[in-house]
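A, B, C and D label the chains in the order they appear, each numbered from 1.
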Amino acid sequence: MDSVFRRVRIRSNLLRESLAECLGVYIIIVFGCGAVAQVTTSESTKGHYISINLGFALGTTFGIYVSRGVSGAHLNPAVSLSLCVLGRHPWMKLPFYIFAQVLGAFLAAATTALQYYDAIMHFSNGQLTVTGPTATAGIFATYPAEYLSLWGGFIDQVIGTGVLMVCILALGDHRNTPIPPGLAPVLVGLVVLTIGLSMGSNCGYALNPARDLGPRMYSYLAGWGDQGRGGWWWVPLVAPCVGALVGAMVYGLLIEAHHPEAGPDADTPDLCQTLDNKLALEMEGVEVDMNAPKYCPTEGQECKTT
Amino acid sequence: MDSVFRRVRIRSNLLRESLAECLGVYIIIVFGCGAVAQVTTSESTKGHYISINLGFALGTTFGIYVSRGVSGAHLNPAVSLSLCVLGRHPWMKLPFYIFAQVLGAFLAAATTALQYYDAIMHFSNGQLTVTGPTATAGIFATYPAEYLSLWGGFIDQVIGTGVLMVCILALGDHRNTPIPPGLAPVLVGLVVLTIGLSMGSNCGYALNPARDLGPRMYSYLAGWGDQGRGGWWWVPLVAPCVGALVGAMVYGLLIEAHHPEAGPDADTPDLCQTLDNKLALEMEGVEVDMNAPKYCPTEGQECKTT
Amino acid sequence: MDSVFRRVRIRSNLLRESLAECLGVYIIIVFGCGAVAQVTTSESTKGHYISINLGFALGTTFGIYVSRGVSGAHLNPAVSLSLCVLGRHPWMKLPFYIFAQVLGAFLAAATTALQYYDAIMHFSNGQLTVTGPTATAGIFATYPAEYLSLWGGFIDQVIGTGVLMVCILALGDHRNTPIPPGLAPVLVGLVVLTIGLSMGSNCGYALNPARDLGPRMYSYLAGWGDQGRGGWWWVPLVAPCVGALVGAMVYGLLIEAHHPEAGPDADTPDLCQTLDNKLALEMEGVEVDMNAPKYCPTEGQECKTT
Amino acid sequence: MDSVFRRVRIRSNLLRESLAECLGVYIIIVFGCGAVAQVTTSESTKGHYISINLGFALGTTFGIYVSRGVSGAHLNPAVSLSLCVLGRHPWMKLPFYIFAQVLGAFLAAATTALQYYDAIMHFSNGQLTVTGPTATAGIFATYPAEYLSLWGGFIDQVIGTGVLMVCILALGDHRNTPIPPGLAPVLVGLVVLTIGLSMGSNCGYALNPARDLGPRMYSYLAGWGDQGRGGWWWVPLVAPCVGALVGAMVYGLLIEAHHPEAGPDADTPDLCQTLDNKLALEMEGVEVDMNAPKYCPTEGQECKTT
């Protein structure tokens, strides 16, 4: 096996990272959309709305575990874009990350469709529809509730993604409450769970353009088409990006900006360059060399985050 | 970003702490009341009572992660007041903390109302009522069950907050069972979950005057008014304060008072002044200087809580 | 506060431990029976059977956190008895531990009855009954399903407590899979959750004589009396004791006996005498002095369990 | 007790490991099938589908805790087989492991049948059937939904086990995201939970030939026979083996093969030989001597996984 591995080894960091982002998003969607498919086609006999919340939440947790050590686990174009806007991720990498994320979501939607092919055909009598009692398009992309206005949906997604970003930034802020090393993916998954429990009923808490676009493209191509609510599709693409920036602003201006300076080396980040805080470091504009020795930049100093 | 941050940096500790308390309570309420809104307006198709329990529990967890490193994460006037009564938090800070907590809850209630505006209007046919089949006031403040007497509600809140306090104190007691560093917010969230599962049906387990007063003020001003059960509002303000003190007494007299003295330095707390036990230390009357070096007060001595 | 504490300080270890056992069991029951009361009196609108499972599971977790550092958190006469039979806990202490455990359960049942007084009266129309559609005795003690034979119930409790004991012993076995320090109470709570999910429907998974006897005595005295199924009461007292011994045998003979000897000091336990493995040590017959220095018995040797 | 243990001590590693595999699978099935029995015979009044998901998930967690330190906790013939194919587990041990795993599942099914004997007889009126409204065979083995084609079921099991393997390998990959020491069993349990929530409705997510074969043999012998769907039984035996290999390929080719080489000692694994990464090490072809000193192979070097 090792010899096979050595032969196929990719040395391009960008390609490695793109593969990891692709697999990470794949895991989120194959678990999340799988849970929707299970609840929908079993007519709630094998799960309820909370199963869907748990599916996306734990999917996020394991999507992060699968990719974090390689790509930092953005897994969301809104996150990648925010990092670029803030000057903390190279713009050059952005299209590759986004393409990989959307591709992962597309492939996962296809996997779910394959796995639930018999179930969808049986439940829908072979009619692939977006609305009506046997609609199955909701297995893939998100659709707004009937009562929801377009701006209501936009605001919903801005608030949801904003709160998500505040919590993620707090979990990664080494000068706020420390978190147990290695548990960040579980805690981020719990944030996604909470948003699903409290902000999911209006329009399905996409929070992530790739989570929505990939499966929507799949279901469009695979026969569900685009009946009804045609004007909705751009909301889960644009609103999460706005929300992520708003959330970063709120956390920055209410908490992060006011941390006391840490003495003489206040301007030099004194975090250890461990995998665990790669994302946190990038958020502060620090280049992280994943091949560098992992323990402690300053000699004789203990790692503050361990 | 860093240059922006440096320009807006607040150097007043009291103001920093107030901002953190405000954001922390905001997170609790935006998740908790959001979950109630989702269950109510979706008529239980997108969640059940346990979703509400999880919303408040995980809201508490992330409210603590967002604020603990700055303000100690009281997030509850009953906790702040108890600390002042016991001489462990300056009385001078109390009004600022309470104002920030209530403000955070008020703003979160407004956010929930904005996010669920279309849903509430659709569910209630535009009638903002406190009682009846399409009542939506319960999204914000707590209301007692119809069968509940005023004193029954008072006792319920005293017991609930008392048990909460016993568990919080045990989790923070370094001479009792140690807890994993960094997981205290999750364990406190689990306490809130358990109280919601076992003491939530009588009157909605406020346990926290700010959690109740902020949203009640919002819903009063925003058009729900104060129809019916007018005499209830003071119970979730007063009873939690009584309960917190009772709980502190019970834990102190049954467990804490009887810990064996730890030898020569029994009167000097030998805990490390880490963020993680700031609250525990304050409960023992130790001033915690958040700017001091975090590792180990006594030279050559290892941190007992790590 | 500290001066009050110093005045009431109890120096008898036995009394301290009894108080801790009493409070620990109180927490289990006030959360567990509270959850039953909530589900029963709200007619499943504020919780389902899984809420009850979670109530007892998390009650166990926090009951352990509240008492482990003082008494080792037996919290169950079947556990205390097993330890005595195995010669690992002094017989002299047994009646005190059991009395404290049953007293804690009794007081918790009384607390639940007080907290749910209005709700019980409303739900049952003031008729305190053991059977029938508005029966409320099940809030307190356990009762078998109608189809269950006495021996079926006995076997159910032996299996349930046996599996509980196997899992607890595995979690405490430092030569098997290590567990994260400080998380044992959460993992034991998860074992209780799993038993409730998979072995709860026959007769309510007492697993613990104190959990059953205390509330049964309370409900008998408080007016529910002892109508029907009179011959049941001894099963949840005797069967868990048998099951605990069977479980200890199974784990010992299948796993523990076959651990390779650890070299020259195979007979001397080389565990650190931390609070965290007090119970594990006692299970191996080691006296644990809770006042001794906590870090590392053998000089220069690192703690193997950390 | 210790003297009894010394007398029965088994020195054969293979026998010790087989006993541990047997007990580990027993725990998975006694909790998992127990949960199915509870939901089935209580007609969903004491649990829902999510209880079954939790039963198998937490069963897996505790099955791993019970056996990992002895046998590495394969607990699944598909896992054992994959390791042998990859040259990382001796073929000689394979039949013993598989026999022990199937035996554990068989004994657990018998235990569940004993514990739920009264309940099954009452629910089914004494008719042990595989199909129909009072079918109880589904308590033991897995059966496909009526709409599912044989190949649909095969693909479902390949996808499910493949995703399981990707997540397990990511959790054990020390060059990807590190996980907290001692929590691997909980995280693997969460993977099983997620698969149950999102891939359970088609044919009951066996994922594990032993989980299916043992209980199927029991129910065949105990009177349920083999009515209907006779051609199904080989799918949950073969498809998980295919899926496990596919998953290992996918993770290897997308992530593992591309990790940067770690400098001079790139070919020598520098992991500490702790219990916690025994399985991870075996996956990389390293022989792990469980009796060797546990801390750090290379002198003066810190353990990278701690």
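Quick note on the criterion: a contact is a pair of C-beta atoms (placed from the backbone, for glycine too) under 8 Å apart; a residue touches a chain by one contact, two chains touch by 3 or more.
Here the structure is a predicted model, which means the values were calculated and not measured.
For the pair subunit C and subunit D, the fraction of shared interface numbers is less than half, so the two copies use mostly different residues to meet. For subunit A, the chain whose average C-alpha position is most distant is C. It takes 90 degrees of rotation, in steps of 5, to superpose the Cα atoms of subunit A onto those of subunit D. Subunit A and subunit B have CA centres that are 29 Å apart.
Our note on geometry: subunit B versus subunit D, Cα centroid distance of 40 Å, whole angstroms. Residue positions of subunit C touching 2 or more other chains, listed in rising order: 48, 50, 180, 183.
Viewed as a contact network, the protein chains form a single closed ring in which every chain touches exactly two others.
Two chains count as a pair here when they touch; such pairs are A-B, A-D, B-C, C-D. Within the complex, the subunit C residues that touch subunit B are 1-2, 4-6, 8-10, 16, 19-20, 22-23, 27, 30-35, 37-38, 41-42, 45-48, 50-51, 54-55, 58-59, 61-62, 64-70, 73, 111, 114-119, 121-122, 180-183, 185-186, 275-276, 290-291, 294-295.
By the touch criterion stated above, subunit A contacts subunit B in their complex at residues 48-50, 53, 86-87, 145, 147-149, 152, 155-156, 159, 163, 166-167, 170-171, 173, 175-180, 183, 187, 190-191, 193-195, 197-202, 250-260, 284-285, 302, 304.
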